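Pasting the structures here.
Heads up, the next two complexes both have subunit A, just with different partners, subunit B and then subunit C.
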Partner chain A sequence: MTHDDAPRPALPTSTTTAHDDAAASALSPAHDGAPTPALRRRSPSWWRRIPPTWRAPLAIAAAILAIAWTIVAIFGPLLAPHDPLAQDLPRFLPPGSQALLGTDELGRDVFSRIIAGARVTIGLALLLVLMSMLIGSFLGVIAGFFGRWVDEVIMRLTDLVMAFPTVILAMVTAAALGASLFNAVLAALVVSWPAYARVVRSLVLQVRTSDFVASGRLLGFSPWRSMRQDILPNIAGPTLVMASLDIGTAALLLSGLSFLGLGAKPPTPEWGSMVGSAVLNFDKWWLGLFPGVAILTVVMAFNFLGDALRDQLDPGSERV
Partner chain B sequence: MSRPSEPSSSQADPNLPAIPSDGGGAVVGGAADSPEGSAAPLRRHHTLARYVVRRLLLAVLLLFGLTLVTFSLTNLVPGDPVAAALGQRAADDPAITARFRAEYGLDKSLPQQYFAYVGRLVHGNLGVSWQTHRPVARDLAQAVPATMEIAFAAILCSTLIGLALGAWAAHRRGKLADQALRVFSLIGISVPTFWTAIVCFYLFYYRLKWAPGSGRLSPGALAPPKRTGLHTLDALLAGDFATFTDAAAHLALPVMVLTLYTVGLLTRFSRSAFLEVLEQDHVRTARAKGLPARTVFTHYTLRAAAIPILTVIGLAFGSLLSGTVLVESIFGWPGLGSYAYHAASKLDLLAVMGVGLVVGVVYLTINLIVDLLYGFIDPRVRVGS
Partner chain C sequence: MISGSTRRAWIAASAAAALVLTLGACGGGGGGGGGGDASSIVIDTTFDIKTADPAREYEPTGQIVVKALYDTLLTFAEGDITTPIPDLAASYTYNDDLTEFTFTLAEGRVFNDGSPVTADDVVFSFQRLQGLKGNPSFLVDGITVEKVDDSTVKMTTAESSPALPAILATPSTGIVSQALVTANGGTTDEADAAEDFLNATSAGSGPYIFEKFDMQTEVVLLKNPKYNGPQKPSYERVILRNTEPPTQKMNVERGDSQVALGLSGDQVTSLADGVELESVPSATVVFLFANNNPAISELTANPDTVRAIKAAIDYPGLLEIAGEGAGQATSLIPTQFLGTLPQEEAMTRDLETAKELAAAAGIVGKSITLSFPNDIDPTGLQMTTVAERVQAQLAEADITVDLAPAPFGTEIDAYRNGEEVIGLWYWNPDYLDPANYLAFGPGQTVGLRAGWPEDANAAISDLVAQGYTTGDHDARKALFEEWGRKMNAESPFIPLLQPSSNIAYQPSVTGVSYNPVWLINVAALGAK
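On to the complex of A and B.
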């Protein structure tokens, strides 16, 4: 704590905002004995059971946003007023009563396309994060556990991938594989596994020297059993946190590839490629604005959630 | 997709060092894993030179790796290169196929092909673009200065703004300004750049007419005599202020968009770098003995925070280069980004590989410079453990 915020008196106020709670819990137990609780309005018990970081207004907003988008992704077809592929409306209709967010160059309803696109973007981002976590963790565990040349080879491989800026390498790979959504995910996978491999490797290096791992090995555990039974449970938590932090970035990368024309093929409603097609008609502002807002809100929701998650699990990173 | 998380205080965050060198070792002491590190107390004055040499060797190795990546990607293409280059009818004729394969060395083994590929690269031969029907190398030579002009301007802007905001947030930690900046930088890393570019172009050019149109100069304006390839700098060198203002006005919007993209990252990182330093004893001592806040900041805080911040600038440069690919085409900026955009959308593989190689080399060079600067700034790095 710097002396900047140390002398803040824990003034008992009737409104218990999340920040007060956070401050209060940070200052406890010294201030807990004070007779403040009597003056506080009691918040419901379920509310107090939520950790302070999740009671911050931003975390709540992000959670609502993320849940809303997830619902849209799951129930998309039921919510869309039009068929996202039907070209039955007038072209370039500005937002209005006939089409809520206007229509595109083929007379398709932008609103319905955005709703249909939620499934594509969020689904693929989750798939990408899952796959890169699995592959990266696998290689990271092997590198950390076996060390020596295995470690050397895998780590130099991560160096190599990281020697390229991410979007560039993903673009190059996607172009080599050919344009399709699946290939875009593969290309994104190529650039995103090394981060996991490195983190997992360093986690394994920390765990590997513990006594319980050594005793397991002395009991005659095979390397695989030791990894599965002793090491994996101890690194799973941080790895999952890292993965959840990554969802927003994954969505951003995938929509960027689609924007470049390396992801979704034309009729597929995908936000990045919708923005991409707006480049040709940039005076029709609604074509690019709304799909972009969709990307922004999804990425933002996941980034804010990830941030809150990190605060909760690793308060040290904030407190320094 | 390494969105680098905020570096934690205690240990070097393994997620952070996307420095393409030896990762976490770079900051903490790159010499630690080299066998000669401990045996050199007598020749300590040579250590800087050796550090430089080691970094250079690493860079060469990575450069080699880059070519390996692009080569294998080029060979990954599903489908018949003969059919792709000459058409299906030619591919059905065994004589033509054999001649084509012999001419382009496709009949040799893969290692042989690779060395031939590197040999061509060394001679600056990156192949011919299917789309422009011109050598990729010549296209790139025209595009690189345009991109560098944007990239340098944007990295300058975002570093200055990011450092200032980061220092402010660290200074007002936990207060409203800090909270607001945290939200701001989180939004900053969430915004799709290509979208910001379209929105800004629509708003400032089409609607408000503040910004001049696309391209590097107004239509009909003559480019200044070429020295550096950066129009603003060339115009200044030629003393041509009209051209300078024109070029600078065209530069403003793309640079603004890219700055918005990287400034969030830089703010976040410099904040935590400053926070870490502010906690250190020597900074507290400096404050305790009554030095003015500004002196403490410039002489103590800024200096100690220089290394992590340098790292981030290197990182930010990478995301900036990624950003140009997504942004330039929208502003009609004739740089690497536009070239890559058009090549990618037409699946012009050699051109895309060329961009990948050039950007890879640029990024490598920047990070090499960053690594070398560590050695100069922080004696611990070059001396090792």
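On to the complex of A and C.
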């Protein structure tokens, strides 16, 4: 199941095939020689159908956390005990029966604000990753496939962006555009597409010289059809892995911009800005701790999930 | 196995290390100006300072600094803000019309370079303050300053000026050395280029001089060895540090600083034992305005919008977020001033009326921008918190505002240029007289920031004119009360609250006293 010995759609593009492939073939003995036959016999059949990478405790914990946060993000308004914007509770109430995670300087329920913030943070992180993956991959494919001056122009552009420290460039962009969540996503997009362009370009360079691509071209495939049919399926796996590893970073970057007052505007419940305003009241520990834990768990969950996905889809690449 | 000689070597080395550490710790304590060092004092405050040039400065932190560097003709005694007392002027007389004031300078007073303070320096300082057209220039508008002889100065005003003695106690009217300032680019017109010089060196006769001036982090003042005025500065070195309020609280509790100026009403409720607290109502008025200029916003230019906002705000609900000691501002004139309105005349909420007015003004369903500085808390009260509460209260009256926070440095220009649609700001009195608040009138300095032109309200304009000229105490009281009532009813300004002023300090510090203009007089601080 490597690029060399498989013609055309070499890497599985759907997860179902990925599971079956991985469970059945080369991957599992190579990766997971440890489980004894006895142990295998004792585990139920559905468990054995789960690929080994997903049976690791970290992957399980990450999956559960990520799914939980996604549910919270989707069904947030139904789960929150209070309106996240309502200022009707006593101020600075410590965590307790009246407010599970306490209240802030305006008497708003911290628990409800964290739940509402999940939608903002996770939603925007996903959007950011998707956008940077699309833009970066598009430019990367173009650069890798056409080479020459197209490649030069695009790669020098990525060099230009990558020469700046990520957070500083995002801050400058967000500050120039003005504080709002939309602008924060734009600013983060500016700094996050080049990584995709780079990786995708190198993947395309590898695939482009393969015999099956050459034969496709000899059969008269247009560059567009060649890219779509021969190249894309072969670079999709690693790109998705990279994107999944990036969700945590994206969430962190967006929260960071909000923390600095360059993202979410008040009174939007956003974890980064909640931590930011908690700094002004840091003897009220619950104001900063809980949104901080929320950021931590989301970032960790998506990072471990990305790791597992990488082991699954792209076993050749190095562990981070 | 450690041999005997090796062990002795170890013991000797350990003892030496312990000695070095102990000495190092002592040295650190003394040099850093930390707790218990009587020769220096550390004051934590949130910086709001743009310059140390008295003719240009107009920010709270700037007032503390300039007050320490420059003497004024008159001043106020600690803890009393009703009667101006002599400083550089030993005495003064005035005519019955309150249009001519004659000041006799105190004998023997010198600048920090040793040269005497003369009538020429006084005339130059006032002409420079007027000619620069900086932020504090309006204080001395229309005053003609003449030298009578080397130690006598006469000030003439076209209209009677009952507030003049109080104005002459403000740090911005500090007397600079003509020789020093002119030698460094100083003039009495807008070509003046002495600001950089004055940001590095003080050219005054005040009790302190500069050691370091950094507008972002730290201002260090040294006792002026040539000072021979009436004050008795006791600390050799005064260190003002730019510190966020939560850090200020920890610092003063741990003794890392001796004085914290920016603690909020919330923070002082949990102040550790052993820290003294001076908590008095501040003269800072937090207010909203809705721009009256249709070019900025058609919506807020509609008087119904302003009335709707006035009726929609739940004033006691705002006090709740200001913590201990805060009070509702009954009019723009703070409650400790002459001519303030009694509490029962303060504005109140009327949600039904607010909704009707909002509907009449056509603002329901539309979003109005509320701009405010988000990195400044002159009295420990975050403007963001006030803005969020105001937004929630207005929403109950179907008025939607969109919050637009920005750093003070960027937002102040939009405010001063009258470009904000709804602004949330605060006013620290420039001098201790209600005439100060006439600046909110139509066509006046602050009035224009709300897009309120000279011809907008003849009745209030008339009261403003009288306010500047009426001398009789009782007549002034009635006049300013009437002005406050009319402003509450018809102006685009909405006075919200007066946060408490809290100064937390180590018990070793004496002489801590709140002043509405210069906050704290560092020369009055002493050590037990």
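The rule is simple: the second predicted complex is superposed on the first by the 271 of 320 C-alpha atoms of A that agree within 3 Å, B and C clash if a C-alpha of one lies under 4 Å from a C-alpha of the other, contacts with A are read in each partner's own complex, and residues count from 1 in each chain.
Just so we're on the same page, contacts are C-beta pairs under 8 Å (C-beta built on N, C-alpha and C of every residue); 3 or more make two chains touch, one makes a residue touch a chain.
Quick caveat, the model's predicted, so the values are computed rather than measured.
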Which chain, subunit B or subunit C, ends up touching more residues of subunit A in the combined arrangement?
B
If you stack the two complexes on chain A, which partner ends up touching A:V110: first (subunit B), second (subunit C), both, or neither?
neither
Quick check for you: in the superposed arrangement, does A:F282 touch first (subunit B), second (subunit C), both or neither?
both
Where does A:F92 make contact in the superposed view: on subunit B (first), on subunit C (second), on both, or on neither?
second
Would you sort A:I231 into first (subunit B), second (subunit C), both or neither based on which partner it touches?
neither
Under the stated touch criterion, which partner chain does A:P266 make contact with: subunit B (first), subunit C (second), both, or neither?
second
Applying the touch criterion given at the start, work out whether A:M133 contacts subunit B, subunit C, both or neither, answering first, second, both or neither.
neither
Between subunit B and subunit C, whom does A:M274 touch in the aligned arrangement: first, second, both, or neither?
neither
Touching partner for A:I154 - first (subunit B), second (subunit C), both, neither:
neither
In the superposed arrangement, which partner chain does A:V120 touch: subunit B (first), subunit C (second), both, or neither?
neither
Show which residues of subunit A both subunit B and subunit C reach, each in its own complex.
179, 261, 279, 282-283
In their shared complex, at which residues does subunit C touch subunit A?
244-246, 249, 266-267, 270, 320-321, 374-375, 382, 384-385, 387-389, 391-392, 402-406
Going by the contact rule at the top, pick out the subunit B residues touching subunit A in the complex.
1-3, 5-6, 8-10, 14-15, 18-24, 62, 65-66, 68-70, 73-74, 76-78, 172-175, 183, 186-187, 189-196, 198-199, 201-202, 206, 272, 275-276, 278-279, 318-319, 321-323, 325-326, 329-330, 340-341, 343-345, 347, 349, 352-353, 355-356, 359-360, 363-364, 367
Subunit A residues touching subunit B - in the complex, by the definition given at the top:
2, 4-5, 58, 132, 155-156, 158-160, 162-169, 171-179, 188, 191-192, 194-195, 198-199, 201-202, 242, 245-246, 248-250, 252-253, 255-256, 259-262, 272, 275-276, 278-279, 282-283, 285, 288-289, 291-292, 295-296, 299-300, 303-304, 307, 310, 314, 316-317, 320
Can you list the subunit A residues touching subunit C in their complex?
85-87, 91-92, 105-106, 179, 261, 265-267, 277, 279-283
